[in-house]
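Chain nomenclature is as follows: A, B and C, assigned in order of appearance, with residue numbering initiated at 1 for each chain independently.
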Amino acid sequence: MNAIEVEELRKEFKVHKSRSGLVGAFRDLWTRRYMTVRAVDGISFTVKQGEMVGYIGENGAGKSTTIKMLTGILTPTSGRIIVNGMNPHKEREKFVRTIGVVFGQRSQLWWDIAVQESFRLLKKVYRVPDEQYARHMSEVIEMLEIGPLLDKPVRKLSLGQRMRCELAAALIHNPPLLFLDEPTIGLDVLVKLNIRQFLKQLNERYGTTILLTTHDMSDIEALCERVIMLDEGKIIYDGSLEQLKEKWGQGKRVAFTFAEGKDASILQELTAGLDVVWKKGEQSNVWVAHVPSGGVPEVVSRVAARYALQDIRIHEVSTEEIVRNIYEEGAVHG
Amino acid sequence: MDKYVEMIRIRFLMMLAYRTNYYTGILIYAINIAAYYFLWAAIYGDKPSMQGISLGQMTTYVAISWLSRAFYFNNIDREIAMEIRDGKVATELIRPYSYLGMKAVQGLGEGLFRLFFLSLPGLLVVSLFLPLQFPENAHTWLSFSLSLLLSFVIYSELNLLAGVVTFFTFRNEGLLRAKRFIIDLFSGLILPVSFYPDWAQRLMDYFPFQAISYIPSMIITESFQGADVRDGLIVQVAWCALLLLPIGLLWRMAKKRLVVQGG
Amino acid sequence: MFYISVFFQYMAQYMKTKLQYRTDLLIEWLSDFMAQAVNLVFLLVVFGHTPLLHGWTRDEILFIYGFFLVPYAVFGAFFNLWDFNERYIVQGEMDRVLTRPVHSLFQIILERMELESLLGAIPGLIIMAYASVRLSLTFHWYDFFIFILLVIGGAFIYAGIFISLATISFFADARTSIMPMMYNISSYGRYPIDIYHRVIRYILTWVLPFAFVGVYPASYFLNKQEWYDYAFMTPVVGALFFAIAIMLWNAGVRRYRGTGS
C-alpha cells in the first residue's frame, strides 16, 4: 500500500491586492481587487510506505501548502489525495490519528508546564492505551535522550531540547506517517545530527514513512534517498538523490589562488577546448574553475605550467549548488 | 517634524486595514448611545433636570463623551509595556526620535482617524433619531475643540506614565486594565462628576481624571458657562504641565536602568 | 465520554500552569473586580438621585446585576475567545489545532479557558444575597435548580454570540474590535428591559439576546410574573444560539481550510 497518493493536485488562493498610498487604502474600503494565485499547480506523486522523502523548494514554491493539504488542514481546489488510505479533509478526526506533524516554528507543547504533562495530555487526546504508550514512548524518549528534560517546563528548554521534545510529542500515538516541516531550522550541528540519527532509527524500527521539507540540504543528504523538488507550484524533479547528483553534479570545482590578479579572458583562453567555466573567487587573485569530470588533471597542469600559484583546492559540487543550479536553469525531468 | 507627520499617516493606513471595524464601529456606537439615552430617560422619569442638567443636555453629554473617548483613547501604555517586555524598546531608543514623543504621535494618528471616520459619522447617525442639543455659539465650539485636545494630552500623558512605570514592575496587564476602569469611572465618562456625592467630588479635585472627559463634555453641553469654561480649561492646562514632571523623571530613571542592565 | 475525559485532562494542566503565577491571579481578579465596581458605582450613584427607575427599585436592579454576574463569570471562564483572531489565525495556531483528533472549537475552548473568572461569580452572589434580604424574597427548594438552569442558559447565550463573533475571523481578513464593543452592549441586559424603546427591546431579546442573561431570568426570582415566559425561555434561547454558533464555526473552519489565510 502507498502511504501517500497524489494526483493532479491543485490549490488556488484568492489574494487581496491592496492599492498603494492613503488614497488607495480608502478605495480599498469600498472595492477590493483580487487575483488568483496557484500555490500548487497540478502535482502528482506517490510515496511508498517506509520511504523517507525530502520535499524541497524555495520559499513560496508551494511546499507548505502541499503539506497542509496532505495533513488535512487545507482542502484542495481540485485533484485527488489519498493518505493512509483516507481522504485527509474528509473524516479529519479519524485521519489525523494516523499521522504525526511537526512544524519547526510552531510548538505543540504547553509553554508553562513540564514536558511530560503535555505528553500526558496528548496521550489522552490521541486515545493511546497506557500499555502502548509506556512501551512505545520509553523507546522514543531513550532514542531522543530527553529523559532528563521531561520534568522541566518547556520555557526553560533550549531550542534544541525543545525540538527533540516536539518530535516525541508528534510520535505519542506512534503514527505510521510523519510530516516534518523545517524540523532543523535554527538548530546547531550536534542537535541536527541527533535528530537525523533518531529519524533514521525510527524509520528502520517502525517503518515510519517520513516526508520532510527543509532548507538544509544536508538534512536531505543524510536522510532521504528520494527528493521531490518544487518550483512555482510544479514538480520539477522527482527521483533519487543519487541520480540528481550524477546528472547535475558531475565534475568538480577547482579553486586557484594566483600570486597576482588575473582576468577571465586569459584563463578562458588557456583552458580552451576543455569546457571549463571560470568564476571569480572571493579575492581578486582567486579564480574558480568548474571542470567536467576527468578534466581536472589537464586543467591543473595547464594553469600551473603558465602562472605562479599559491594554492589549489579541489571541491566536489555540493547538493546545495546542484539545487541552486537547477533553479537557475529551470525545470529538469529526471 | 516630517517624521512625526509620516507616523500619523502610517497609523491612518494601519487603521484603514481594519475595515470591518470601520463599518461595525458606527453601528455599535449608535446602539450604545441609544441604550444610554433610554437608561437616562428612565432615570430622569418626569424630573425636568438633575444637578442642573436637563435630559436633553444629558443625552448630548453621553453622546459627546463617548465620541471624545474615541479620540483621546489609545493603548500606548500597553504598547510600551509590550515593547519593554519583548526588549524592543532598546532598538527604539537608538532611533533618531523621542520614543515617548513618537508613541504620543501614534496615539494622535489613531485618535484623529477615529474622530473623523468613526465618531463624526456616528454622531450624524445618532442625531437622526436622538434629540441631541448642539450649541449655536461658535465660541463654545472653539473652547470645546481646545478642551478636547487637552483631554488627549492628559490621557496620553497618563498612559505614558503607566507605560514607563512598567519598566520597574513586570507583568502588569491587570494594573493597566484597572487604570482604564478608574479613568472611565472618574473622568465623567459614565456619569457627570457633579452626580457624585460631595465628598467624592472634593476628592476627585486632586486627580486629573475629570479633566479628561467631564470638562469638555460640560463645555459642549453648555452646562459650563463663562467663568466655568475658563476655569475648566485652566485646570486642564495645569494638569498637562504637571504630569510632564513625573514622566520626565521616571523616563530618565528608566533609561539609566536600561543602560545599566542592557535591557 | 471521550470529550469529558479530555476536558478533565486539560483542566488539570490548566491548574498546574496557573499555580506558577499566583500573584498574577490576584491582580487579574482585582482588575475584574474593578470592572464590576464601575457598574456598581453607577447604579449606586444614580439611585442617590432617584428612588425608582421606571418602577423598579434600587434593590431589584441590584439583584438583576448580581444575577448577571454569575452566567457572565461562567462565560468568562470557558468561552472567552477575545484573542482568537490574533492567536489562532494571525499566528497560525489553527493549523496545529486542525492536526489533532478532537473538534477544533472544543480544543480552543479548553486551551483558552480561564477558570479564575469563576471567582467573579462570588461578588454576584453576595450582591444577590444582599438584595434578596432587603427585598425579603422567599425561595423554594427547587429554585436552586432553576437558578443553575438559568445560569447555564445565560452563559450559553453569551458563548453563542461571542463564538459567532470569533468566526468572523474565518471570513474577513481584517482584525476587528467588535468584541470589546459587544461587551458594552451586553451590559444593557442588566437593566429592566421595559425602559428601552421597542427596537432596542427587540434587539436585546431576539438579535443579541443579552436580556436573557440578566433581567429576564432574574425577574423569576423577583416574582415579576409578567416576565415569567421570557425567564423560562432562557435555556431554550441559550441552546439555540449556541447551536447556531457551532454551525457558523463549522462553516468557518470549512472556509479556513479552503483559503488557509
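Quick note on the criterion: a contact is a pair of C-beta atoms (placed from the backbone, for glycine too) under 8 Å apart; a residue touches a chain by one contact, two chains touch by 3 or more.
Keep in mind it's a predicted model, so treat the numbers as computed, not measured.
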By Cα centroid distance, the chain farthest from chain A is B
Compute per-chain Cα centres, compare each with the mean of all protein Cα atoms, and return the closest chain.
C
For chain B and chain C, let me know how many angstrom lie between their CA-based centres, rounded off.
28
Can you compute the centre-to-centre distance for chain A and chain B, using the mean CA position of each chain? Integer Å is fine.
51
Return the distance between the CA-based centres of chain A and chain C, expressed in whole Å.
46
Sequence positions of chain B contacting 2 or more other chains
17, 19
Which residues belonging to chain A are in contact with no fewer than two other chains?
none
Listing for chain C: what residues touch at least two other chains?
21
Show which residues of chain B lie in contact with chain C when the two form their complex.
17-21, 24-25, 28-29, 31-32, 34-35, 38-39, 41-45, 47, 50-51, 171-175, 177-178, 181-182, 184-185, 190-191, 195-197
Please output the residues of chain A touching chain C within their complex, sorted ascending.
13-14, 16, 65, 68, 71-75, 89, 92-94, 96-97, 99, 101, 103, 106, 108, 110, 112-114, 117-118, 120-121, 124-127, 153
Residues of chain C that touch chain A when the two form their complex:
2, 5-6, 9-10, 13, 16-17, 20-21, 92-93, 95-96, 98-103, 173, 254, 257-261
Given the complex, residues on chain C that touch chain B span 21, 23-24, 27-28, 30-31, 34-35, 37-38, 41-42, 45-46, 48-50, 52-54, 168, 172, 174-178, 181-182, 184-185, 188, 191-192, 195-197, 200, 203
